[in-house]
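Next up: the structures, one after another.
Both of the next two complexes hold chain A, though its partner changes from chain B to chain C.
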Partner chain A sequence: MVTTYLTRIYSSFTAHVFDIPPRMLALLLFSFLVVLPIGGLNQYVLGILASANVLAIFAASWDLLVGRTGQISLGHALFFGGGAYITALLFENYGLPFWITIPIAVLITTLFALLIGFPCLRVKGPYLALVTMAFPIIIGSIVGWAPLVDIFHGEIGFRGLPRFFPFLKIQDQALAEYYLTLLLLFISSVILYKIANSKTGIVLVSILDDEVASKASGINVTRYKLMAFAISGLFASLAGCTQAHLLKLANPPMLSLSWSFIPVIVTFLGGIGTIYGPLLGAYIYYILDRYVLTILVKIPPEFVYAKLLIFTAIVVILILKWPRGLARFTTDKLQDLEEARDIEERGPKIWKTYKKKKKIV
Partner chain B sequence: MHLLEVENLTKRFGGLTAVNNVNFHVDEGEIVGIIGPNGAGKTTLFHLISGFLKPDSGNMKFKGENIVGVPPHEIANKGIARTFQVVRPFRHLPVIANVMVALKSPRGSKKIEWIKTFERKAVDMLENVGLTELMLEPAENVGHGDLKRLEMARALALEPDLLMLDEPFGGLNPLETDFLTKSIQRIHLDHPTRGIVIVEHKLYALMKIVNRVIVLHQGEKIAEGKPEEIAKNKKVIEVYMGKAM
Partner chain C sequence: MIEAIIIDGLVTGAVFALLAVGFTLIYGVAGVTNLAHGSFFMLGAYMFSVFGPHGFLKLEAIQALILATIFVAIIASIFYRLSINPIIDDAVAVLVVTVSVAIIFQQIVLLVFGPGFFVVPPFTSGSTAILGLMTPNSRLVSAVISMALFISLWIFISRTKIGAAMRAASQDREVAMLMGINTERLYMLTMAISAALAGIAGIFIASSTTGVAAASMWLSPLAMSFAIVILGGLGSIKGTLIGAFIIGYAESAVANLVPEGGAIVSVVPFLVMVLILVIRPKGLFGKRIEMEE
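Our next item is the complex of A and B:
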C-alpha cells in the first residue's frame, strides 16, 4: 500500500525531473547550496565552501574564454592574482574599504586584460597558451623582486586585509562570507551563462569552430576575442579580489602557475564549454583536495605540486573517459534515462535496439 | 561603373605565379562563371577578392571603392559574400545558428527589416536553400550536400551585392546539383541587381546558369565570352582536352 503510493510519487517526480534542462539542475544545485549551512557546519568547512564558490567564478570565467571562444589561456592567474594585489595595494596605501577597492581593482584588471589581449590574440592555439602563461610569471617575479619589497612586500606579500564583515561574531562571519560568495557566484554565473547563450555567444562559438568562416561572415574576430578576454578577465579578477579578502592576504603564490592550472582542472572536471560545469567542478575539486587528499590520504600541505600532479592525472583520465565532463555526463545520463523510459513504454523491441546503439560523444 | 573591377591582378607564391595580370569585371545582375583546370588560380583569385590574401600588384574596385588591403570582415560588410570550396561550417552550432552568425555582423544586422525578427530572418535564409527541416540539427551531424547549401545560406544572410560561390556543386550528386542550380536561379530572380561569380569544374551545370564565362589557365586569363562561344573556343578545348595530334 505504502510502497505503491511511494512509487507513484517517485514516478511523477522523475517524470518532471528528467524533462528539466541543465540550467534547472544548476538551479537545484544552487538551492541545495543555499540550505546547506542550515545543518550547522563549522567555520573551517564554511571557509572551504566559500573558497569553492570563488573558484567556481574563476573557472567559469576561464570556461567562457576557452570553452566558448577557443582562445586557450594558461595565464588566468594574472587576473586572479592581479586583482588580489591591486585591492591589497589600495587598502594598504589609501585605507579604502573593500566595496571601493574591489570595483577599482576589477576595473583596472579588465583594462589590463584588454591591453595585453591586443598583442596576445594575434597568435593562435598553443602559441597563445604559451604567451599568456608568461604574463603571470613576469608579474609574479616583479612582485617578488627584492628592490620593490617596500611596495609589494616581496615573497610574504600583503597580510591583514580586512574581513568582509568585521562587525559580526567569528562564527557568523564565516556564514556571512559563505552567503556573500554564493551570491557573487550566482550573479556572475547567471551573467556568464546569459552571455554564452546569447547571440554574442553564438558568434564566440563560431570563432572557436572556424575563424576564417566567421571573418567571411563579416565578423570582426579580433573585437569579439578581445571582448571575451576582457569579460573573462573581469570575473577572474573579481574572484581574485574576493579570495584575497577571504584569506586576508595577497601573496606571490596567487600569481603562480598552479593558480593558472586550477581553473583548467576544475573546468575539465565539470565539463568544458558549459559554464555551469565549473560550478560542479569547483566543489568536486575542493572535496578531493581538502578531504580526500588532505584528510584521507594525508598529503602534507608543503607538497602542493604533488597534488597538482594527482589532479593532472585525474584530468587526463577524465579527458579519455568522459571528455564532455561530469556535468554533461550527468545531464546526458538523465536524458538517456528519459529516452529509455519513453522507449520502454512503446515496446520492448525498440528498447533492445536502443540498448545496442552506442553513444557517440 | 562596374560592380567589381579587377585590373592587372598578380599574386606570386615564391617562384610560382598563381594569378598573373588578370583583368575582368562583373556588372550588376550578371552571373559570371570562372572555369579552368586544376591549379589555374581560381581559388587564389577568390581569396584575393575576399581579402584573405593580399595581391602583389594590381587594383580591385568594388562599387568604385578600392578593396586592396582591406581586411576580410570589412570586405564582407561592404557587400561581397563568399563560400568556400571545402565547407567550413561552425560544427558546434545548430544549422540555424550558423546563419545567425552572419546576421550578427554589422551588415547582416543592418539589413534586417523592422518587421522581421532576428530568428525569422534566419529561417527565411534557410528557406532560400531548402534547409528548414534541418534547422536545429548540429552542423556536425549534417551531410556534405546540405553543408554546401548551408554555406550559401550563410553568405546570403549578408544580403550581398556580389555573391561569390567557390565550387558550389563540388561533391554533390546530380539531384543535389539540380536543386542547387534552381536555388541559384531563384536567388538571381529575387535580387536582379546582385552580381554572382561562380567558380566551378562541372561545366555542364555551370554553362546553364551563367551569362558570361572567364577561363583561367596557369594564372592567366585565356578567354572570355558567352558560354556558347567558350564551348567552341579552340584554346579552351586545348587546355581542357590537350592538343589535337
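Our next item is the complex of A and C:
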C-alpha cells in the first residue's frame, strides 16, 4: 500500500518535475560551470577545465558532421591541427595578435575543408573514413618533413605562442582563459545546436536516414553534406586555434591519429547525434584522464600508453553495450522513458547498414 | 637502378598482394571493412620476433612463422567473436569499433614492447645474384612463399567446399544461411584466414625489408591494402594481385628514384589511396563499385 503510493508519487514527480528537455540540462550545466570558479580553484584545475571546454567544441563539431549526416570522419585532427599551425605561422611571421590570427586561421581552414570536402564527399562509408584519416597523416608528415624545417620547425613545432591575456596577473590569466573558453563553448554549442535542429538540420538527418529519398525529394545532397563538412571544420579549427594559444604551442602530434580519435571517444561517451552529449563527454573525459587515471590510479609515466588503451576500450564497450551514450541515458532515466520521443531527443539513428553484396571472383 | 626497381617491385608486390587479399576477402565475404587489418600485420611481425631465433622461445624461423601465424589467427577469431559479431549489420559501428581495436592493439604493443623499434631477424641468411644485383635470400623466399600462398588461397576459394560456402555467403547471406551454412562460423574462419595472411605479410616485410617492427606500423599497411583493393576493384582477387604489383612497383620507384625518398615512402600509400578514391573510385578496370545505397 505504502510502496504503491510512494511509487506513484515518484512517477508523477519524474513526469512533472523532471520533464524538462535535455537542452535545459545543458543550460544547467553551463550555469554550474559559470559559478564553478567562485569557490577558488587553483590554476592547474582552471587550465584543465579550459582544455575541457575546447575539447567540447571540437567534439561537438565532430558530432554535427557524424551524428547528424552520418559522414564518418576519422581525420578531424586535420582541422584542429591545421588551425593551430596557421595561427602559429601567422603569429611567428607577421607578429599578429590572436584576435586577428584566429579568425584568419578559421577562415583558411574552412575554405580548405570546402576544397577537400568537394572530392572527398563523392565517396562514403568506409571510403570516406579512410580518405579523411589519410589527410592529417599526409599533412603531418609534410609538416614534420626535414627539408621544410625552416617553415614548420619539424618535429618540435612552434613554441612560445602568446597567451590570451598577457597583461593580467598569472592567477587572473587562468581565470580569464577559463571564462573565454567557456564563452566560446557557449556560443559555438548554441550555434551548432541551432543548426542541428533547424530546417537545415532536418535535411541533414534526412540525408543520414535515406540519401536516395532525399535526392528524390529535390535536396541537393552534396551541397548539404559539404556545408556540414565546412561548418564542422570551422568549429574544429576554432578549437584547434584556441588550444594552441592555451598550450602556447603547435606541434605535429596535434595532427596525429590520436587527436582525430579523441572527439570520437568524447562523442560516444556523451552520446552521438545530440550536440549536448559531447559537452558532457568532454568533462567526463578530462575527469577520467586527469583525476581518475592520474591522481586516483597514478599510472606510472612509462605506462602512459595505457590511458588511450583504456579510453578506446571504453568506446568499444559503449558501442557494443550502450550505444546511446551517457547524456541520453541520463535524460532517459530522468524522464522515465523507454523510447525517446522525438528526433531531438533520440538523435538520428546513426547505425545503418550499407549494402554489402560483393561477389568473390 | 632499373634492376633494383624490378626486383624490389616484384618482392613488395607479392607480399602486398598477400596483405591486401585478406582485406578484400573479409570485405567480400562478410561485408566487414576491417580497419584493424593493419594490426594483424603488426602483430605478426612482433610475434615472429618473440617466437623467433633471437626471441624468448628461440624456435627455428619456419616454426616461429607458423606459430606466429596461428597466434594471429586465434587473436583475430576472438576479436571477431567479441567485437564484430554483435554489430556486423551496422557498417558505421564496425568502422568505429575496428579502428578502436586497432588503436587498442597499438597501445598494448606499446605497453608490452615499448615505444622504440623492435628488431626482427631475417629468416634466412645469404643472398643470390639476380640481374647482377645481390638480393637477400629472405626477400626471394618471402616473395615465393607469398605467391604460393596466394595461389593456394585462390584454389581454396574456387575449388573446396568451404570456398564455395564463402562465395555463397558473399553473394547472399540469407540464402546461404537457408542452405545450411553457418555464416557466423564461416565469417570467423574468413577473419582468421584474412588475419593470418596479413600476419604472414607483416612477418615478411618486417624481417626481410625493414628489419624492424614498430607499434605504429599498422596504419600504412592498412592504407596500402585499401589502395590496392580499390585499385584492383573491391572483392576481386584477380584485381588485388594486379593492383598489388602496380603499387609495389610505384613504391619501389619512389624509394629508388626520388632523392631522400626513404622519408616520403611511408606517405605513398596514403597519397595513392586518396588519389584513386578522388580521381577514379571505380578502380582501374572500370568495375563499378557499389557505393550508392
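Observations on the model:
In this text, the second predicted complex is superposed on the first by the 313 of 361 C-alpha atoms of A that agree within 3 Å, B and C clash if a C-alpha of one lies under 4 Å from a C-alpha of the other, contacts with A are read in each partner's own complex, and residues count from 1 in each chain.
Note that a residue touches a chain if its C-beta (ideal position, glycine included) is under 8 Å from a C-beta of that chain, and two chains touch if they have at least 3 such contacts.
These numbers were taken from a predicted model, which means no experiment stands behind them.
In the superposition on chain A, A:315 contacts chain C only, with no contact to chain B. When both complexes are overlaid on chain A, the residue A:212 reaches chain B and chain C alike. After overlaying the two complexes on the shared chain, residue contacts for A:30 are found with neither chain B nor chain C.
By the touch criterion stated above, A:202 is placed in contact with chain B alone, chain C being left untouched.
Using the contact criterion defined above for the overlaid structures, shared-chain residue A:179 touches neither chain B nor chain C, since it reaches no partner. In the superposition on chain A, A:135 contacts chain C only, with no contact to chain B. Touching more residues of chain A than its counterpart among chain B and chain C is C.
Of the two partner chains placed by the overlay, only chain B lies in contact with A:220; chain C stays clear of it. Shared contact residues of chain A with chain B and chain C: 210, 212. Across the complex, chain B meets chain A through its residues 50, 52, 71-73, 76-77, 81-82, 84, 88-93, 97-98, 100-102, 104-108, 118, 154-155, 157-158.
Contact residues of chain C toward chain A in the complex are 25, 27-31, 33, 35, 83, 86-87, 89-93, 95-97, 99-101, 103-104, 107-108, 110-111, 115, 157, 166-167, 170-172, 219, 222-223, 226, 230, 234-239, 260, 263-264, 266-267, 270-271, 273-274, 277-278, 281, 290-293. Per the touch definition, chain A reaches chain C in the complex via residues 70, 72, 74, 119-120, 122-127, 129-131, 133-135, 137-138, 141-142, 145-147, 210-212, 257-258, 261, 264, 268, 303, 305-306, 308-309, 312-313, 315-316, 319-320, 323, 350-361.
Residues 199-200, 202-203, 205-206, 208-210, 212-221, 273 of chain A are the ones touching chain B in the complex.
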